[in-house]
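Read through the structures below before going on.
Same chain, two partners: subunit A is paired with subunit B first, then with subunit C.
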Partner chain A sequence: MFGEQQRFVLLLIAPAALLLLLFQVVPIVIGANASFRDWALYNPRKTWIGFDHYVAVISDPAFLYVVLPNTFLFMVLSVAGALVVGLALALLLNRPFRGQKLVQTILLVPLMVAPVIAAIMIRWIFNDQFGIVNVVLEAIGLDGQPWLVQRWSAFGIILLTDIWLWTPWFTLLLLAGLQSLPKEPFEAAAIDGTTTWRVFRFLTLPMLRPVIVVCVVIRAIDAFRTFDIVWTLTGGGPGRSTELFSLYAYVHAFLNLDLGRGSAAAIIGGLIILVIGVVLYRLVDRIAKV
Partner chain B sequence: MAMVRRSEFLPWLPPMGRKTLFALALAFICFAFAFPVLWLILTSLRPESGVYYVHRGTEFTLGNFAEVLREERIVEAFVNSALIATLATVFSLLVTVSSGYMLSRFTGPASRLWFGTIYVFRCVPYISWVLPLYFVTQSWGIYDTYTGLLLPHVAVHICFFSWLMKGFFDGIDPSMEYAAMIDGCTRWGAFIRVAVPSALPAISALAVLCWLFTWNEFLFALILTGNRVPMITVVMAQFVTEMGLRWNLMAATAVMALVPAFLIALFGQKYVIRGLRI
Partner chain C sequence: MAAISLSKLNKHYGSLFHAVKDVDLEIADKEFVALVGPSGCGKSTTLRMIAGLEDITSGDIRIGGNVVNHLPPRDRDVAMVFQNYALYQHMSVYDNLAFGLRNKKTAEAEIKVAIDRAAGMLGLHELLQRKPKQLSGGQQQRVALGRCIVRNPQVFLFDEPLSNLDAKLRAQMRIEIKRLHAEIPTTSVFVTHDQVEAMTLGDRVVIMRDGRVQQTGTPLQVYGKPANKFVAGFIGAPAMNFIDVTVRSETGATSVEGEGLRLTVGASQAPALAAHNGRRVILGVRPEHLVLGDGAPGLGFDARVEVVEQLGSEILLETRVGGASVTAARVPAETVIARDDQVRLSAQAGRLHFFDPETELPISG
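The block that comes next holds the complex of A and B.
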């Protein structure tokens, strides 16, 4: 039925395709089915209710005015923060100095820390009674803050934790990118006596652009679904003011035990990020070709 | 040869001042990045009575670690996490190396379709498929078992790693494989004996990343396991609510969870840096 080459091609992707089908496609289809039904513990018949769950999620003020703005704000600030710090560190590590290997190893530390552990550490550091931050603040005569029970300070701490966690990832990929750039343009610029800023602005940045764009796209898509650090740091609190989209779906499905509504929220989020993903992919394609 | 003068930061400073400033900035950055981990280690060494005043006091103890290791559930969680991480690494690589090779060496509708599929599924948020996966694993009878956690962990890497592997194979000249095939190698022979060995640096980089990712992963473990297969991240997150104020024990557990990841990363760092040129 197939030629020898087609058989080879199909066999190469068969295991991956099978796993993808069983553990991603099938669950998504079942989740879509659940999102149209009254799929809760008290209703064993799982009545078909059409788009009711979708309407409920979209008209939920908590989703519209808290969860979605939080998610987008988090995505933009987390990616921008990690990109700026990560790029600065990559540039720093790209010039030789004594102890460079040691500094590089220290800067990569957050990469090996599980988000859950990072969240536990930060929670302890910002503990309102015994955390070191408040101890230091009180020692220099300022008032300690209940960091994690105020909306914006809690959001800021979640953001800070995320940037701390993901900066090394940017550093690593951008450093690899920097080291594979051709040397000649930089030598020419040095002979001409170009200033550091102009070298960065007109040589490094444009040549590094494809790598930057790929990193940003990958990271933006991941930041959208952040779950673990928020869950461990604030659990979405105080109240529900730091809930992100993944948390919203999880809370509805497993804490309120309304699996239909949770699935609907998960699918709405999935559609949003799919649109963003396709737009970003177009962008990458255009920039990579320039 | 012409003298090439490096352009420096802050040219108005004398060289000594520039060097000092640079060293200070470096020290500050390293401190900021390492501080949370150092603080965690310090907390884990404090006895119960001293944990609320970590910054003062001089008593230190290894008792927290001993106490944590007496908890059967925590030890079990460490074993499970290590086992799942290792198995997931092996299976993910087996599956994605061949899929990335296909994407790199063949063009045409099949390849384009597979690439599109991978990109789309890479974007799907975990919660959108792990949430319903909870019913799926239950109805297949693999909920809260090794299989039920391992296979989704393999599936999650397919998209990203196939994409990375494609990039690596794109950077390897295929003429060696053609030469092998002219000399009588089959396609499989050319793939396994020629292409895979030359991609080994990249494969090692992915192995390190995959192990770390699985060891650190939380959401899958939270949703797909119950009491029978405790995973270390879930056990730690439960600590925060159940053990409440016992920060010394929590810190000790977290430090022990950091050690394997730290060793793997330290050992694999050079492969990752070399292998990740995208």
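The block that comes next holds the complex of A and C.
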């Protein structure tokens, strides 16, 4: 049925295909099946209920007015924050200075810290009784704040943690991008009498755009499914005010043990990511062609 | 007035590499000077130091009488054309041309006038809305030239601008640059490793080797009176033939003898050579100064043909004379000649060069 070469190719891709099938396709199919059933652990009959879970999720005020806005806000701000700081650091590291290698190594430290560990550290830093931030504030005569029990300060701290964790990743990729840019246009610009700002605005940024867009696409999709740091820092609280999409699905599936509703939420999230991914990839394609 | 003056210019890269050594050069206002030499001879580094893209280690650079040693490039009022064009790929041709003027906050109306003028000179009108990627190499280099012209600088610097073009386009662009310099007489420094470009473009040619200037002169001077053996071999295509010979000075006649050849030296060169009587010297003769057959008496020798290169307009002959390889150009294209033929070659009178084998300096009267 197959030629020798085709058999060889099949043999090569078989392990990857098998893994993909077992750990990606099968769970998605089981999850999709669960999302159409009343698949709570206390209901062994797993009754078919059609789109009820989907309707419940998209008509849930907490999902519509808290979880979705939080998720998008988090995605936009964390990607934008890490991009801006990462780009600034990459620009700094792109010019030689004494101790540059040392600074570069120190800047990469957050990449080596597990997100959960980082979140635990940050939680302690902002602890309202023992945290260093409040200690410092009180030492200079200001009032300590209950950082993690107010919605926007808690959300801000989640963002801060995520930006801290991901900035080195942006720095590393953007620095590689900067170093691969041709030197001559910058020399031509120097001779043309271009100011530093105009070089950045009209040369560096446009020339780096393909790298920036790829970084943003990858990171945006990743940010959409952030779970660990939010769960560790606030658990979605205070109340449900910092809950992101992944927490919403997790709480329904594994705390409320309603696997059907959790699966439905996960599939809705998957579809949203799919749409965002396609839109962003089209964007990449268009920009790369410029 | 934008004369350029380099005095005792040096460039070290670390402690190991001395790229430019004590270069002294005076370039007059509106003069077109070609810096030529093999790869790594320091010509591009010299140009980049004039532009301000490389720091100088020691010495002085003056443009228009002002010392510019530590001025940033933008304050030197120079424009530069790069080997790989260095165009802003994401901008249209128009925006590429306008960029330098917009830096100076020039009014858009003025920019348009300047671009129109440059585009007219270089035939860029059709291309103004295109991106550099959509242009051929020659068109991109014309845009790079245009970018320099619109700024109306004191000095044009060219860093091997034709090296990335094919032979035909290179010849066209050479003419274009020459025409441009006639239309807009601006002090220009043109770096190239191609001696044909240097000879055809330069009012004066500066030949460099290992960071040092070997000779500065008009194309005719460097061709006719090379300052040393290196210049003699570098300038001219095909390259000058060099043959080891021994000087024989007898009463009334001076001649040189090599393996398979004995040439009588003309009266103008005889006295200088006579001082080297019995010693080994290097005879240099350009391929285009060798003719097939018997020429002036005492200037002929026999050679065995090794390679025949038919160029259509002429034949290039690679021959062997004793142990030396000798090239002869300007052999009429119709000549019937084949490998291993024995031929008679004659040097043109007064066209022989002699060099001291140790100093490589010319031996002349």
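Everything below uses one rule, namely that the second predicted complex is superposed on the first by the 279 of 290 C-alpha atoms of A that agree within 3 Å, B and C clash if a C-alpha of one lies under 4 Å from a C-alpha of the other, contacts with A are read in each partner's own complex, and residues count from 1 in each chain.
Everything that follows uses one rule, which is that contacts are C-beta pairs under 8 Å (C-beta built on N, C-alpha and C of every residue); 3 or more make two chains touch, one makes a residue touch a chain.
Keep in mind that this is a model prediction, so the values were computed, not measured.
J.: On the A-aligned overlay, A:220 touches which partner chain: subunit B = first, subunit C = second, or both, or neither?
T.: After superposition on chain A, A:220 lies in contact with neither partner.
J.: Going by the contact rule stated at the top, is it subunit B or subunit C that touches a larger number of residues on subunit A?
T.: B
J.: Of the two partner chains, subunit B (first) and subunit C (second), which one does A:195 touch, if any: first, second, both, or neither?
T.: Both partners, subunit B and subunit C.
J.: Between subunit B (first) and subunit C (second), which does A:187 come into contact with in this model arrangement: first, second, both, or neither?
T.: both
J.: Touching A:90 in the superposition: subunit B (first), subunit C (second), both, neither?
T.: neither
J.: Report for A:206: first if it touches subunit B alone, second if subunit C alone, otherwise both or neither.
T.: second
J.: Of the two partner chains, subunit B (first) and subunit C (second), which one does A:173 touch, if any: first, second, both, or neither?
T.: So A:173 only meets subunit B here.
J.: Touching A:154 in the superposition: subunit B (first), subunit C (second), both, neither?
T.: The answer is neither, since A:154 touches no partner chain.
J.: Scan A:66 for contacts with subunit B and subunit C and give back first, second, both or neither.
T.: The answer is neither, since A:66 touches no partner chain.
J.: Where on subunit A do the contacts with subunit B and the contacts with subunit C coincide?
T.: 187, 190-191, 193-195
J.: Would you mind writing out the residues of subunit A in touch with subunit B in their complex?
T.: Residues 4-6, 8-13, 15-17, 19-20, 22-24, 26-28, 30-31, 34, 89, 92, 97, 99, 103, 105-118, 120-125, 127, 129-130, 132, 135, 164, 167, 172-173, 175-177, 179-180, 187, 190-191, 193-196, 199, 211, 214, 218, 221, 224-225, 227-228, 231-232, 245-246, 249-250, 253-254, 259, 262-263, 266-267, 269-270, 273-274, 276-277, 281 of subunit A touch subunit B in their complex.
J.: For subunit A, which residues are in contact with subunit C within the complex?
T.: 182, 184-185, 187-195, 198, 202-203, 206-207, 209, 290
J.: Considering only the defined contacts, which subunit B positions touch subunit A in the complex?
T.: The touching residues are 2, 4-9, 22, 26, 29-30, 33-34, 36-37, 39-40, 43, 51-55, 94-96, 98-99, 101-102, 106, 110-111, 114, 117, 119-136, 151-152, 154-155, 158-160, 162, 187-188, 191, 212, 215-219, 222-223, 233, 236-237, 239-240, 247, 250-251, 254, 257-258, 261-262, 264-266, 269, 272-273, 276-278.
J.: Across the complex, what residues on subunit C touch subunit A?
T.: Of all residues in subunit C, those touching subunit A are 51-53, 72-76, 78-80, 82, 84-91, 99-100, 103-104, 147, 151.
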